[in-house]
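Paired with chain B in one complex and with chain C in the other, chain A is shared by the two complexes that follow.
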Partner chain A sequence: MEGTFINNIYTVILFPLWVFLLIILGRLLNVIQSRRVISLLTLASTLYGVIFAVVTFLYMLKTPDYVYENSYAFLRIENYTLNFGVFVDNLSVIMLLVVTTISFLVQLYSTNYMYKDRSFPRFFAYLNLFNFSMIGLVLSPNLFQNYVFWELVGVSSYLLIGFWYKKPSAADAAKKAFLMNRIGDFGLLAGTIAISYFIYRYSDEASLATVPFSNIGNIGDYLYSYTNDAVFVIICVLLLFGSFAKSAQFPLHTWLADAMEGPTPVSALIHSATMVAAGVYLIARLYPLYSLSDGVMNFIAIIGLITALICAYFAITQNDLKRILAYSTNSQLGLMFLALGAGAYTGGLFHLVTHAYFKSMLFLCSGIVIHSLAHQQDIRFMGGLRKYLPLTAACYLIACISISGLLFSGFCSKEMILSGLLKNNHYIFAVGFLIVALMTAFYMFRSYFVVFEGDFKGSNVPLKSPFLLNLSISILAVFTVFLGIFQKGFEHFIKFGNDIAQSENLLNPVFISVSIAVLGIFLAFVIYCKKNKIIKPKILYQLSYNRFYIDNFYDFLSKKIYYTISNICAFIDKYLVDGLVILAGLNTRALSWVFSKMQTGNFQSYLAYAVIFLAISFAVLMFAYTMIMQYAFLSGVS
Partner chain B sequence: MEFLNNITKIMLPEILLIVFIFIQIILSMFSDTKFYKLSKWLTVLGIFLAISLCSKVSIDPIYYGFKNSIISDNYTIFFKFLILLSSFLIVFLTKKVIMSRRDNAFRFNALLLTVILGSLILVSANDFLTMFIAMETLGFGMFFLIAFEKGHCSKEATLKYLVISAVASAVFLFGVSYMYGITGSVNFSSIYDYFLNNNPTLLYSMAAIFITCGLAFKLGVIPFANWILDVYEGANTSVVTFLSIVPKVAMFGILARLLVFPLSYSFELTFILVVISVATAIWANCLAIRQKNIKRLLACSSSANASYVLFAAALVSVFNLSTVLFYLVAYIFMNIGVFAAVIILESSEFSNKLYEFKNFAYTNPVFTLCFATCIFGLAGFPITAGFISKIYLFSAISRSGLIFLPFLMIMMLTIVVSVYYYLRVVKFMFEKSDNVTSEVIPHKVSSAIVILYCCAAITVILGICPSKIIEICQLMAYNI
Partner chain C sequence: MIELLFDIGLYHYLILALILFSIGFFGAIVAKNMLKVLISVEFMLTAVNINFIAFAGFFDNIKLSGFVFSLFYLAVGAVEIAIALAIFYLMFRTKQSVNTEDYNCGKE
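Right, the complex of A and B next:
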């Protein structure tokens, strides 16, 4: 029975694509207009994916180390064969589960949330496109197919951020996200080609040249032996740039906060749970490669830590509810990178899973809040919403507790990361991790207290939230609360090398991290719930509010420096290059004029040209011949 | 006995054509003018039978006949097939010219067959005398064909063609006389063998240069290139189609053999030919951008294409030769397509001026599409045969030696210029104009329309899957 499901798992990729085409073409041909049909089709395609994911997952629980690969040749050049197909192992099935379940719940939510929007079908078409590309990404059998779907994910993200494309800020944000991702994609492509080149050039096994994931351990070893350290590190860093851009890590992190211009369900699905996790997923995929070099691993960890710290710091002072959550996502993704880089492989991935659920729940809750306040996103105009939206408040609170690492699933995953860090003796990283945890607890509860406690500061009475919205956040809350139970199972299911069962002296780290979280919550409670006046250190506040002026710096880079260079280039192009082209054209015309004057129509002149040509060519020939003979004579060559 | 044996073995298509020539001549004396259509079908039948007789010619391995003066192998049969095939297509374009001169229809076709006969003998010649006789047979037929159109223009064209042809023949014979003086033979194989034991001298190179310059006349390249515009403008378009393909293909066939065997010892000749071809490319492509008459423009274009092929043929190698063959195959179809379109326009009472093509894209979309396909093919755009053949040709040249790369670069630049004038033709067809109400009448010239469509289709098909034809060309080039 399971066999049927696993053998047909490629349909999970194709079904959303089919629905996407159906919606687009149906709209064009005026066949499918009904919103109900569109949403039902979409939900069906995703539910189909959920069923397949669950069945495959259960089967893989029963049979350890089961790997399924089915691919066909897409491109053949001599003995180089590029395969496209599906590849299922423990990691991809976990990702498939996360993607399909969250996708399903978000689609359920959007059915109601987006119902009044004029472009409802377009929205669902994009959601299906995203599903198609994301599922294709997690089921890719090799790095090349991975790259194809990586780009497709970027495209659907671009389309969804700019969904309300008439709003200039949304269009700008979409462009920004796309450009930032392109920087990373360039690195990923360059790295992929570099690996492929080295393997194809030096290895006997041509089948490895397409970087199949099933054999990534061997590929890593080969690559490490074929290259010197510097080249190896460069290739790894190039590949990592793809991950950094997609997961919004430090130098390229600025797009994620702006991406909140998209509809809230999109933020919940793509920019918190699934797509941004693709960077973490790729690192986990290529983990055998990266783990060969300590420098690369430390690089990942440091970048992750920097991102986690600065983004948590930014989140403290933001006033836009979705921006707070965006920076929180960013910082949690940084923690995952930190965990992976510091050797806490299982912890990092478990955090990916738990974070996906509670962060999408947070976004959906924020969506309800924003919806009920008629598109008010500024938390200074909220407050006391617990009375109007009790269920939302409860869910938000659960998520806050979880993300702070106090209880529930977030507690489990954060413990796994912390104990992994301590086990690998990364004490500096552990300290950084605790600082991030403190800030996380602080800003999350700040947002909770400001939004849901105290007095209502808005003008209109908040609307009640509809049933479907409540349903989807309730299901996510259930996931958030109970996912922690599966911690032990997860440790055995997803492991790298001998990285398991580190929880012998768990007591100390648990004590520390919980107390840190409580401290953060207490601070938030004192400052924002009890309204104690505190002295805001102005410089620190400004730095955080303006996000270290990194955006301004990028603006400066692009507007001042890049524009200056491009103006100079434009000038050169206009006057020098174009001038040359025009000159060439004029020359040709002049030559043409001369030739047409020579074309007299008298055959006498034609014959004269022929004779002149022959005479000149013979003269040149004779001259050259005499020169050569003289030279040969003088230099004594007979 | 040996003579008859030779004839039955290798000369059957030629003999058949001679029979048909005599039939046409006899009928021209007795037949009524209202049977003028018969002449065309007789020609078609003759060419068709000749094509089918090509399979009877013995080619394995190499057959030398008539005391070594005629050769027959894979290579000659390939060229004979090409010549007959292109003539077969072109005969369908002669409808209008025969209709306008019904009394002379049979004579016209007899002359046409004579030219084909000359071309067939030319490609299988194995000594200079046979070659010269074949060339003159070809040329004599052409004089009268060019003069066939009514009016004084065609007579002027014939006169130019005649005089310049005579001078070119003189140059050719001058070279041959020197060659005979050096080697004591006019046979290709003996000349080749003579230099296996003797060093080539400067005199030999000069003789080779004279010989090839004499041949340059039929190819329409410098030094004897200027006639091509006037003759193309003056002669009837179907004759021009014939002139631009059949003698040229035959001439390239024999030129490649000359360069491989008797003239292969002269490296000076290679340089002279490269200079000639680059100069021709510059001359033809620059001159074309000022032409307003489509026939003059196509004259320049045919001269330019000949120069590209000459470049590759001059750098003798098997790979180069295969590219030359493929280029000729592609060029035949594209050129016939373009000329078929011009003939259709002429029969619909359009002049040959480019600005009269306005509005065509809107009134005759299919015609425009096919015409534009052939034009794009000549310009060398992708998915047409022109692109593949150009790529193939120039890649062969670029592998032939570093010293030729600068020449190749110049030639490539002239191709950029050529795109300008090719696209200008297409641009005029897409231009809207109010006062011109153009309407091509297809039923008058249905055969030309069919030829145009076929050629456009073949141009695209050859551009998409050329591998089979390229294989054949490589096989032929190996078997020269």
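Right, the complex of A and C next:
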């Protein structure tokens, strides 16, 4: 029975695409207008995916090391075959499970949340497009298909961020996200082509040239032996740039916070749980390649640590509720990169899974809050919402506890990362990790205390939250609380090399990290709940509030420097290149004007021209003759 | 300097011919009256004849072919001017003008 499911797993990719086309065409042809039908179709397609994911997952649990690959030749050039198809192994089935379940819950949520929006069908069409591309990305059998779906994910993210395209800030944010992602995609494409080139050129196995994920270990070994160190590192860094842009890591992190201009369910689905995790997923996929070089691994870890630190720091002072969560996402993604780079492979991926659940829950909670306060996002105008939205407050609190690493699933995944770091003797990274954990606890509980405790500071009374919204966050809360149980199973299910049995001597790290989380919560409690006056170090506050001026720097880079350069180029193009062309035309025109003016029709002028021409040609002939004679005499030839 | 002026040589003739030719050419292209143009053409013919005679006198004292040729050339010039006058007469009958600016049919 499982065989039928696994053999037909490609339909999981195609179903959302079909629904997407159905909604778009149905709207065009005025066939499907009903919002209920649209949302039911979407939910059905995602539920279909959930069922397939669960069945496949259960089957994979029973048969360890089972790998299913089914692909068709898409492009054939001599002995080079580019395949498109599906590839299922432990990693992709976990991702499939995460993507489909969160997608389902978010769609359930948006059925209610977006119901009053005029563009409801468009929203669901985009959600389906995203589902299609994300599932396609997760089930890609090779790096080329991965790249195609990588771009599709970027496009659907662009469409969804700019969903309210009439708002200028949303349109700008969409463009920013797309451009930042393009920078990374360029690196990914260049790296992919480079790998393909080296494998095709030097190895005997042409089938490896499309970089199939089933054989990535061999490809890594080949590539390592065919290239020297510098080239190998450059290829890896190019590939990593794709991951950095998609997961909003340090040099390219600025788009994620602006992406919050999109509707809240989009933030919950794409910009916290699934799409931004694609970068982490790709690193996990190509892990055998990266792990060949210590430099590359350290690079990943350092970038991750920088991102985690600065984004946690930024999150402390933000006033927009969604921005706090966005920077929190950013910082947690940094922790995943840190874990992967420092060798805590299983821990990083487990954190991906748990983080996906509790972060999407946080976003959905923030959506409820924003919805009930009539689109108020500033936390300074909230407060005391626990009385009005008790369930939301409880869920938010659960997620906060979890993300701080105090209890529940977040505790388990953070413990795994920390013990992985300590096991691989990365003490500096461990210290950085603890600092991030402290800041995480602090800013998450700051947002909790400011939003849900104290007195209400808004003007109109908050609305009650509808049943569907409560249902989806409750299900996510259940996931958040109980996912930690599967930690042991996960360690055996997803492993790299002999990277198991991390959980020995756990006592010390547990004590340290829990006490640090408690410290952070206590600080937040003292400052924001008890309203103790604190001295705000002004410079530090400003730096954090303005995000180290990195956005301003990019603005400067694009508006001043880039515009100046392009103005210079435009000037050169307009006046030099175009000028030459115009000059050629003008030259002909001027000559023809002169010649036409010369045709007076008066015989005397013709006479004059004839004599002048004769005189000139005679002078030239004489000159040439004398020169030739001179030369002949000088060289002795006469 | 005095010798240059009074000891007449080939160059004096050539320069005289050049001056005559230039006057003729100038007259031919600027004259407003058609008859003046014809007279100027005669000037140019005469200048060329002077050249012939000068070269013949200085270099060819035996065969005298230059002199003979200049005689023929005078005759040819007379014939030319007769034809030119005939053409001019015919054109004058249609244009009713001696002004050269009216003779701009070369454009058509």
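By our rule, the second predicted complex is superposed on the first by the 580 of 638 C-alpha atoms of A that agree within 3 Å, B and C clash if a C-alpha of one lies under 4 Å from a C-alpha of the other, contacts with A are read in each partner's own complex, and residues count from 1 in each chain.
Simple rule for what comes next: a residue touches a chain if its C-beta (ideal position, glycine included) is under 8 Å from a C-beta of that chain, and two chains touch if they have at least 3 such contacts.
Predicted model only: the values in this text are computed from it and were never measured.
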Can A:Trp593 be said to touch chain B (first), chain C (second), both, or neither? first
Kindly classify A:Ala608 by the partners it touches after superposition: chain B alone (first), chain C alone (second), both, or neither? second
First, second, both or neither for A:Ser34, with chain B first and chain C second: neither
Between chain B (first) and chain C (second), which, if any, makes contact with A:Ser617: first, second, both or neither? first
Of chain B and chain C, the partner touching more residues of chain A is B
Check the residue A:Gln542 against both partner chains and state whether it touches chain B (first), chain C (second), both, or neither. neither
Do chain B and chain C touch any of the same residues on chain A, and if so, which? 599, 601, 603, 605-607, 611
Name, in rising order, each residue of chain B that touches chain A in their complex. 159-160, 163-164, 167, 171, 202, 205-206, 209-210, 213, 222-224, 226-227, 229-230, 268, 272, 275, 282-283, 286-290, 417
Applying the document's contact rule, which stretches of chain A touch chain C when the two form their complex? 599-608, 611
Could you list, by residue number, the parts of chain A that touch chain B in their complex? 588-589, 591-593, 595-596, 598-599, 601, 603, 605-607, 609-611, 613-614, 617-618, 621-622, 625
Contacts from chain C onto chain A in the complex sit at residues 25, 28-31, 37, 100-101, 103-108
